[in-house]
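You will see two complexes here that share subunit A, one where it goes with subunit B and one where it goes with subunit C.
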Partner chain A sequence: MSEISVLSEAGRDLVVEDDAFPSDPEADPPREELERHVQTLEVASDVELDLARLHEAVERALGVFDTGRQEQRTSLDSALAPVFHQCLDVPTRVASHIGFWQYLALFEFSHLIDARWGGRDGIDVEEKYLGTQKDLYSNHVARLWWGAELTFDGDDYLATHRLFERQRLVNYVLDSSFRRYRPAAIAFAETLWTEQSSTIDAVASRFNDSLSTIQLETRSRTEVRNQLEKIREHVG
Partner chain B sequence: MSSTKWEFPDQESGLTDYHSIPTAEALDRDLETFVREVLQNANDQRLDNDDPARVTFDLRRLTDELPEFLGSLEWGDEMQSPSQLRWHVERATENDQARDPGLRRFLNGFDEEELLVLTIHDENTTGLVGSETDNSEPYGALVKDFGGSQKPDSSSGGSFGLGKTVLWAFSGVSTVLFNSVPHQPESDHEPPRLVGRSILPAHEHRTPERTFTNHGWFGEDDEEEIERLGRPPSLWDDDGAASDLAESLCVDRPSDRPGTSIGVVGFRVPGEDLQPDPSELSAQFRHAAVKHFWPAMVRDELEVFVRTPDGGQTQVTYDDAPGVRPFVECYDAAFADHDSELSAPGEIGATTVEVTVPAENGEVVDDPTPEYETECDLIVRRLSPTDAESLDADDDSALSRNTVARLRGAQMIVDYVDESSLGDRASDFVAVLVCGEAQAAPGTEPSDEQRALEQFLKRSEPTQHDEWKGSKNDYLKKFYSGTIVKEVAALAGDRLEAALAELVREEVESGDSVPDMDDVAPVTEGRDTNENGGGKSAIEWDERPETEFDGRRWTFSGEGGPRDDDHGEWTVALELVRLDSDESTSDAIPVDSVTPQTAGVGFSTDGDGVELDVPADTDTVAFEGESEPVVGEGVSVSEAFELGLITQAKLRVSAEVSTGGGE
Partner chain C sequence: MPANTRRASAADESMPYRYDDGVDLGVTGFSFDGGEAGSPDYDDRVLPLHEYGPWEVVEIDVSVTLDPSVARVFPDDEGPPFPAEPVVVVDCEETQTRYAVSVGDDHPPVELETFETTVELERDLFRGTVRLTPRLVRTEPCASGLPYAPNEGMRVAGGGGWTVRVDDPPEDHDGFPFVYRDFSQESMPPVELAHSLSRHPEEKMMINDQHEGIVDVMQSGLTSGFRPNLKRFLKADFGVMLWVQLVLWTGTTVAETGTTEFDWQAGVVQELATHEFGDHLFDSDADYDTVERELGRRVDDPSELRDFVGDLFEAAQLYTEYGRQLERFVDREAP
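Showing the complex of A and B:
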């Protein structure tokens, strides 16, 4: 038995209704009020959160990468995703609970999210803290963890690094149509990490269409990769 | 005549180690775990001869015999003393730092009129060999030290030695008795030997600054030995004392063959009823035994019997878990020659799954093994109707079609891996993945590769031995250098899947010719009619709109008209749309042509869809049409599936009907 902290829906509403946070870059999350909406859940499996190590890694990364530049923000994600995955040792059942990620985003890693996403036009920063139960990519902490979870190869995080080189790839891989199926996620990152966004979009759309007649989970990573290569050739 | 007593060694107070309860280890404490652990222990201790190990689960509800039982157990009477068990149990329930709620429940519910005792007899096993002080022998390992493991060879079931704590977890009073005939008797003693052990929360001594520890011993009241060992030694049968006592404690040996009778006092399933129903328990013992140990049964290495309070005793058979039958059929044929194709139901095929056993770490292991590239044997059976019936007759969801049972040399099923995701384009199957020393045919010695794989997988098993786990397994990583996680994972993941697919997946692609379109054509759906004000559809169909794929393009047709006879002009808009993986609509498929079959109907297109304009005096319209080609020249149908060109599709139909005779 382990315990995890999660933000309740009322806590989420509180953030949505807050006038200052996160629209005002100077404002912190209203943690004092939020405390009342943090619940402790008992989970049957072992959960290990090495937050000290994670904070250290985040601090170091923020010192190295210049978040004012687009490509460095991407590299920041690529560097941190494996660390989040390693330091947050949780089963996927826990990782599917959006309240868990909301808690971490608001109480532990708000400075990272602020540095990574804050103060940029056209970015819904609130979404990066809250995300939704339906997708794995809006909440930034969930995005890093799940991106690594789905592309971790057992031995290395090469596919994770490639995935995070293209933010558009992350969105597709974490979309529900990929069904959290690791071989497909890895094949996707491996095949498309050097492609333009337009090619990624076109291939992903065709691939998604093909899944109406193909059972994704019957396919090995090699099969998915071959299929993606064929589609890339066809749309290119 | 020798006498017996309980003795809990004591310590100076404040040693917090002694407050923990070893039985609180992270074991899944369901009955299945219990049966697995117990049988695994017996199976591992089987003597090296041609006879099977024999295990009997003997469940007794003591009523009339209870006073004698409690007397023999030194449970305790009105004049309690620390040489009696009850004295310790009552004090142990007062320990707030290491609370054991099960113990309190037992005490509250125990009226000394009825008690359930489960005795597990194993025969043709090594028995509790070893002197009082030799921790390297089974006596020391099973009765004495928790956390150690002393089993005969590399294929044994346990790596951690924690399995045995499961016995105490199933005793309401956390007390277990052992009566054993060792296969090598101690030279100066007559078997059997009897000893009891209780594990309770630490509790208060009569002297305030001292504390009784967790571990209580029941054995011979021999002052000299107690002084030497710090606890009573086992009671031997030198003067017939052990045999007599064993009989009244329900742990008397069923035969003179070597082995151990283990008595779980106050048997209960943790967290469940204090008085479980014996016939229900009996069925669960049987099912769990067959589910996990049928390989040992197939090889005549293990026999299991269950005896119930009504005196009945029967051998456990495959009928107790009918779902294992198809797996047994597979495994029975493991050492025969097989085809690599499964063309008919009931046929058995074989293939292999490659695995690389990493090199052992020379800093941890003496004489480390090198890296081996080897393979496991995968035996697959295409299900026959009889197999399907067997699986259906079993309520256990682990025993299902499209499942792989995995085992190694311990001849116990480690787990059942669900591979039903292959089922969509495959014939139903079951399979057995035979690994390590289990790959050696009966009567032959395992190869070096098989031994190394056996050891690798054994070390990958968690305490419960119910999976092979490479990731986050520090114990395993300590022993090897090289690729670990991927190799362990492959035996349930990609490689297993690929090997299975090779045998069971049906060919659906054959170049340009598609012999049986019915099998591969996308499911089509043709209805999506606008509702009219939340009531019924505005259009009533004589022939519902249908779509069909002809190998190159979609065709569609339908016939219908306004439900309300009193209508004005009306229009029907038709659009072909793709469905994506979530069956939500994706992009439109352009309509190439449409032919209204009814006179006076006009039509217009907007690039993708088409709209039929029908005059007020026409009550129904029939139409046919087709899409632009979705599969280009030179693209085969199989490729078109891959490219996402052929998808599920549906015809979206919407209608607008003006009412009141054209107003």
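Showing the complex of A and C:
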């Protein structure tokens, strides 16, 4: 039996209705008011959160990567996603609580989210703190963790690194329904991580079309890769 | 075909090749952690795991039956046995988990018969609802071309699935049963779960924490917006139900024994005697003893009870401002 902290729906509303945060870059999350809306949830699963190591890794990464440049922001994600996955050792049953990710985003990693997403035109920063469980690319902490969860292979995070190196790729995979079949998510990252957005879009569109007849869950990672490579040759 | 399965007979016309709906998934039983067995809901094809105690692993015994009609999705020279494999697809949207479980050991090729296997689900990996869906999938390319599925990996037949409920679905809550507790009990819910259903802050009623969504609404600290508006309406709604119960229970006790039995019942009589709540039911000048006596009389007399219940509902609605809160909610939250 373990305990996790989760933000309640009312807490989420407080953030939505806050006049300053996060639209004002100088404003912090209204943590004092939010404290009343943090619930402690007992979960039957074993949960281990190594927040000290995670904070250390985040500070180190923020010192290395220049978040003013797009390619370095994606590299920041690529570097941190495996660390978030390792340090937040929770089963998927626990990870399916969006309030868990909202709590971490607002109370532990708001400075990371501000550095990664703040002040960018066309970015809905609020969803990077809140998000929903259906949109895995929205809440930033959930995005990093789930991106790694769906693409790691034992102790190997190579596909995770590749997935996060291209923002178009990670957004597409996390927005797809095939993400739930891990060999497909890994094959997608392995095959398309060097491609331009236009190629990723074209391959993804044809791959999705094929899923109306292919029973994806019976295909191995290699078979999915072969299929994606054939599609890439065709659209190229 | 096992008696516990059902299937549709219509072919899937959305597929670009021959497809058959003759794959049936049956559940023969399930058990928790190698011990206690559960009972499937055969009518709705549901495994209500949430109705059982804590568990870590559930083993679900399933059968997959391939109807003779499935033969039409293969060219005549391909079988039986046919180059295909029956599987059960396990899919849980909430925990982002999807995979296939092979059915039987010796496939492909496959005969059109019934196969049995066990699907094992680890609780830590699932939440909410898990879907189990049977499929028959080609394992070799088909040289005959259309109307037959040309490629391996294509599903050529399927059928109705089963729903595994790992957690209690929120829409299945059966109302808000009231529980009466002594305020001095240590097991009382914490103070943050106490919500005033009276217009007077010293009298509190509890919304229990079995309904997290409702508690969350009741804890909303805002003054405007959907949740605060819903909170005001819910307080009035719960308040009417609760006051009717409390007054009738108190009245019954007074009718039976001549006086109240518990402190909370004395509190109800006091509320009726000193606030406008009681004005709709008794003389507005009536003191505590008069209200207590009249309450017992009106509840005890069958000819009075029908009118009294009507008056009581009206009084509770007026007292909780039920109509005003409902109108306000509709006015502010209507699309």
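Throughout what follows, the second predicted complex is superposed on the first by the 234 of 236 C-alpha atoms of A that agree within 3 Å, B and C clash if a C-alpha of one lies under 4 Å from a C-alpha of the other, contacts with A are read in each partner's own complex, and residues count from 1 in each chain.
In this text, contacts are C-beta pairs under 8 Å (C-beta built on N, C-alpha and C of every residue); 3 or more make two chains touch, one makes a residue touch a chain.
Keep in mind it's a predicted model, so treat the numbers as computed, not measured.
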When subunit B and subunit C are modelled together on subunit A, clash or fit: clash
Subunit B versus subunit C as contact partner of A:Asp153, first or second or both or neither: first
Contacts of A:Arg53 with subunit B and subunit C, given as first, second, both or neither: neither
First, second, both or neither for A:Leu211, with subunit B first and subunit C second: first
Touched partner set for A:His234, first subunit B, second subunit C, both or neither: first
Subunit B versus subunit C as contact partner of A:Ser96, first or second or both or neither: second
Touched partner set for A:Arg221, first subunit B, second subunit C, both or neither: first
Clash with subunit C (superposed arrangement) - responsible stretch of subunit B out of 331-339, 511-519, 583-591 or 655-663: 511-519
Common interface residues of subunit A - those touching subunit B in one complex and subunit C in the other: 179, 212-215, 217-218
Complex contact set, residues of subunit A against subunit C: 8-10, 13-14, 17, 33, 36-37, 39, 44-45, 91-93, 95-96, 133-134, 136, 146, 149-150, 179-181, 212-215, 217-219, 223
Footprint of subunit B on subunit A - complex, ascending: 46, 89, 153-155, 176-177, 179, 183, 205-218, 220-221, 227, 230-231, 234
List of subunit C residues in touch with subunit A within their complex: 14-17, 54, 85, 87, 89, 91-100, 123-128, 135, 137, 149, 151, 153-155, 192, 212-213, 216-217, 219-222, 225-227
For the subunit B and subunit A complex, residues of the former touching the latter: 26, 421-422, 424-426, 470-472, 483, 485-486, 489, 494, 497-498, 501, 505, 522, 578-583, 586-587, 639, 641-648
